[in-house]
Amino acid sequence: MVNTQVHLCGLTLDNPVIPASGTFGYGREFAELYDLDILGSISFKGTTPEERGGNPLPRIAECPQGMLNSVGLQNPGLEEVCTRELKELAKIYHKPVIANISGFSVEDYVTCARAMDREEQVGIIEVNISCPNVHNGGMAFGTDPASAAEVTKAVRRVTDKPVFMKLSPNVTDIAEIARACEAAGADGLSLINTLLGMRIDIQRRQPVLANKMGGYSGPAIFPVAVRMVYQAARAVRIPIIGMGGISTAEDVIEMMMAGATAVQVGAANLVDPFACPNIIETLPTLMEKLNIRNLEEIIGVIE
Amino acid sequence: MVNTQVHLCGLTLDNPVIPASGTFGYGREFAELYDLDILGSISFKGTTPEERGGNPLPRIAECPQGMLNSVGLQNPGLEEVCTRELKELAKIYHKPVIANISGFSVEDYVTCARAMDREEQVGIIEVNISCPNVHNGGMAFGTDPASAAEVTKAVRRVTDKPVFMKLSPNVTDIAEIARACEAAGADGLSLINTLLGMRIDIQRRQPVLANKMGGYSGPAIFPVAVRMVYQAARAVRIPIIGMGGISTAEDVIEMMMAGATAVQVGAANLVDPFACPNIIETLPTLMEKLNIRNLEEIIGVIE
Amino acid sequence: MKQQYLTVRSVTEIQKNIYKMKLSGNCTEISAPGQFINIRLAGFYLRRPISIASWDAASLTIVFRTVGAGTEALSRVEPGTSLDVLMPLGNGFDLTKGGSSPLLIGGGIGLPPVYGLARAMVQEGMTPRVIAGFNTKNDVILTKDFNFLGIEPVITTMDGSEGLRGTVTDAAANADTGYVYACGPEPMLKAVYDICGDGQFSFEARMACGFGACMGCSCKTKYGYKRICKDGPVLQKEEIIW
Amino acid sequence: MKQQYLTVRSVTEIQKNIYKMKLSGNCTEISAPGQFINIRLAGFYLRRPISIASWDAASLTIVFRTVGAGTEALSRVEPGTSLDVLMPLGNGFDLTKGGSSPLLIGGGIGLPPVYGLARAMVQEGMTPRVIAGFNTKNDVILTKDFNFLGIEPVITTMDGSEGLRGTVTDAAANADTGYVYACGPEPMLKAVYDICGDGQFSFEARMACGFGACMGCSCKTKYGYKRICKDGPVLQKEEIIW
């Protein structure tokens, strides 16, 4: 018998597989297909203080082994999420969840973190800093160590729950950002968010996305994600939730060997709604094949 | 009849399709398969002042729709390239070529540029600044605007040939680097070089590459390349050679609409040695289908 | 919604670049015309959404136009092949709202779900009227299928090469447009919207999941944001914002 | 080297996880045993290099072990399928250097090219001696094929479950090892290198192109850098640096 448990800042996950924020809504669509309680946790759709309608359509473009999205953080806003979505989520999922929060100013993050701090089911607050900082020329918080640290500190101050900073891969030096977040008090890191990409409709001579550029996710970004998780893991001592292109149990093992304690599965849920259950089902067999008894023993084995 | 000609700093290319440096050697292997003179130009393997053996094996890892390489700039060194390889190349290719040069210090680049300046067949000098600067903590020249500008200026000073700076995609802000190179006197830009990636052999619990990390190329990086070419093209007025994941005539059109005047085809040559001739053959038909008379009319049509 | 496998029974080119494909498998969950299936194709990351044109308990038919590499590949799938599909998706049309003889308007490749709707209505004893608009006579599809239901569609072509010359709204000018069911390109939907009293409109959007998880297809309506894939593709006239 | 299509004629599992595949097509360019082909497989970016085990003008045979997703997929290719291959690749063995009765040593899945070499030698009237090493009797392959050439290979297994117990070099201890041709895992090659007078050694490397363009497989030899794919896979003893 193999052991798939992993520990994340005091939480014990039955397995490391977590649907990624924005690719699982609040679980409702998937709960019709399988029992969500098999999941290690769930990172629900990014919450902002106010409701957001998101970007104009089209928001989706196909890529080789991946996709672009420019959903633009559409969500019903903090209040609605807390009063309605989380109540519904509690009915279909019975373990701690990960509250993914977003914002366009430090105050936005603080507002969301404060509210999520009061939500019993929230086990971890995951702070998406790939968003543009409206007070800093629109440069994403996650692309500047100082801004990343500022958000980390501010959020850290208003909650007792573990704070995971979710890093953008669109940076020169991921280790530098990782260290800045750790130094500012982050309990863990989530990475990677989507790579910035663009596709053009050559017939219409226009970008496919109304928003021109969008976030690239799916298997195509996996080698970049493994590299960044590896680099970040070697730069900090706090745990890492690794993601980017994971779609098989093999990918989970590879990401954990690179340094991740748990993983998130994003785009894969969209093209195969059974991606997570399939991975969770395959994991023990694969562990046996690879002579892994306790999944935690492989975290960061790569030197 | 459609016109596939493009103009690049005084050079007229019969078509925009150029094999990318490092994926075509000095053309010999391909000359056995087809007449190289159909190509718009050729960017030959990166030259360093001294011979380089490159990195230990394995140097190649497979990825979803792409590959990692850690060849490590293996090349016979400047003297051998000029006295032997270019003489051989001149026998099998009869148009101006692109001299890709690399280095680990500004002097390295200058040495190579000086020598290439004297080579009659060299039409453009393409300066690969993805290499680590040994005098600056190993940080790649191409990840820092000041270093990129310094190399640009130094090379610009020692040659009359057009200088194209070849940019690394592993940066937060490609537009900033592009502007720095333009301001320092670059005649054009080539982008993108490979994305830094990593794969792990989960059976052996080791990185697949002996060098751990390597450069990701192939269709998987295409959406990132299109985005960066678009961003760079809007940031500068000098022409751009676009590359990264191109393998079809459609990709060529998309990259040109994003802002490229010509394109390079890299990894595709390796898995399909006829990639370039196939693209060149398909291009006119595709242009007709898309109502493009002169290929140059689509350069940067995307706003 | 389920993930399941359907077996391709036949693929027929019914017009230049337009194919009818019959598939067999469990179709008992399909609940309304206008629903669609999302098809996984080898070599493509995203699934391809295609409307159900007609169905029974153990089979369904789709009709599609080849517009890109995905639909090209679909047209070349061999009979006997198993296709991984998510189905049924979307809300579909509500038959109960338009009276016993509503007007159905389909444009181009938007006609297949309109055919499915007409078929379901006839099965319910209703007598739908149908206007079918195309660019030219080489695009005209499904006429015989409608005839088989006892319906004589009014055909319009932009160039007048078959049926009336002009748009579907030209053809609808003298008809009762009190309640209209419409599916077709967006400019057509808008034109129909402008002339009808009330009705239902089926929309398209680029989709990632097709089952409501990603917000990739969400658009604003008078009743809040709706996901074309899950809360649509059929929207009621009253809620549409152009 | 050419890019061409070979048609799969048959795929047989000759041992657990080891397959023999016969392919037909123009094989007239193959010039030496030890050359290989590079096979494109749907769904995989890089081609898979596999040695030619034997060939004639219009067909060739490969023998491969399923070690990952690519070789798994190859083992499931249906007869009749066309495979896109680059061939012939590499230098192959030089038959002329080892006298009339050289020693051939193959280890595990390195045996197929050794078989091809033995076959070519027999055709030239030579009388090669063969040592074939495996982990266990369930890995033993090609014995009958050698017998058919009139050769009785000395079989060794690490666990002694078939033939002699031990390594190929154990088995070679009493043989004339003046000139050896070897193909197998690198530790085996090294062991053979250490006990033989002279010889030729066939290497493996992760490859991108397989035809000399990318330097992905280049390694240092006493005579400068060599590309395993183009200047190899067979290296002469005198040039090898471990």
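Order as written gives the chain letters A, B, C and D; numbering starts at 1 within each chain.
Convention: a residue touches a chain if its C-beta (ideal position, glycine included) is under 8 Å from a C-beta of that chain, and two chains touch if they have at least 3 such contacts.
Just so you know, these numbers come straight off a predicted model, no measurement behind them.
With steps allowed only between chains in touch, the distance from chain B over to chain C comes to 2. For the pairs A-C and C-D, the larger set of C-beta contacts lies at A-C. Across the assembly, the mean Cα position most removed from that of chain A is the one of D. Averaging C-alpha coordinates per chain places the centre of chain A 34 Å away from that of chain B. Averaging Cα coordinates per chain places chain A and chain C 36 Å apart. As a whole-number value, the distance joining the C-alpha centres of chain A and chain D reads 46 Å. Work out the mean CA point of chain C and of chain D, and you get 57 Å between them. In chain A, 61, 63-66, 219 are the positions where the chain touches two or more neighbouring chains simultaneously. Under the stated contact rule, the graph of chain-to-chain touches is a ring, a single cycle where every chain has exactly two partners. Every pair of chains meeting the touch criterion is listed here: A-B, A-C, B-D, C-D.
Residue ranges on chain D touching chain B, taken from their complex, read 1-3, 40, 44-47, 86, 205-209, 211-220, 225, 230. Those residues of chain D that touch chain C in the shared complex are 42-43. Against chain D, the residues of chain B that register as touching in their complex are 22-25, 28-30, 32-33, 45, 53-54, 57-67, 69, 71, 74, 208, 218-219, 267, 269-274.
Taken together, the chain B residues at the contact with chain A in this complex read 61, 63-66, 68, 143, 170-173, 195-200, 202-203, 205-207, 212-213, 216, 219-224, 226-227, 230, 245, 250, 253-254, 257-258, 290, 298, 301-302.
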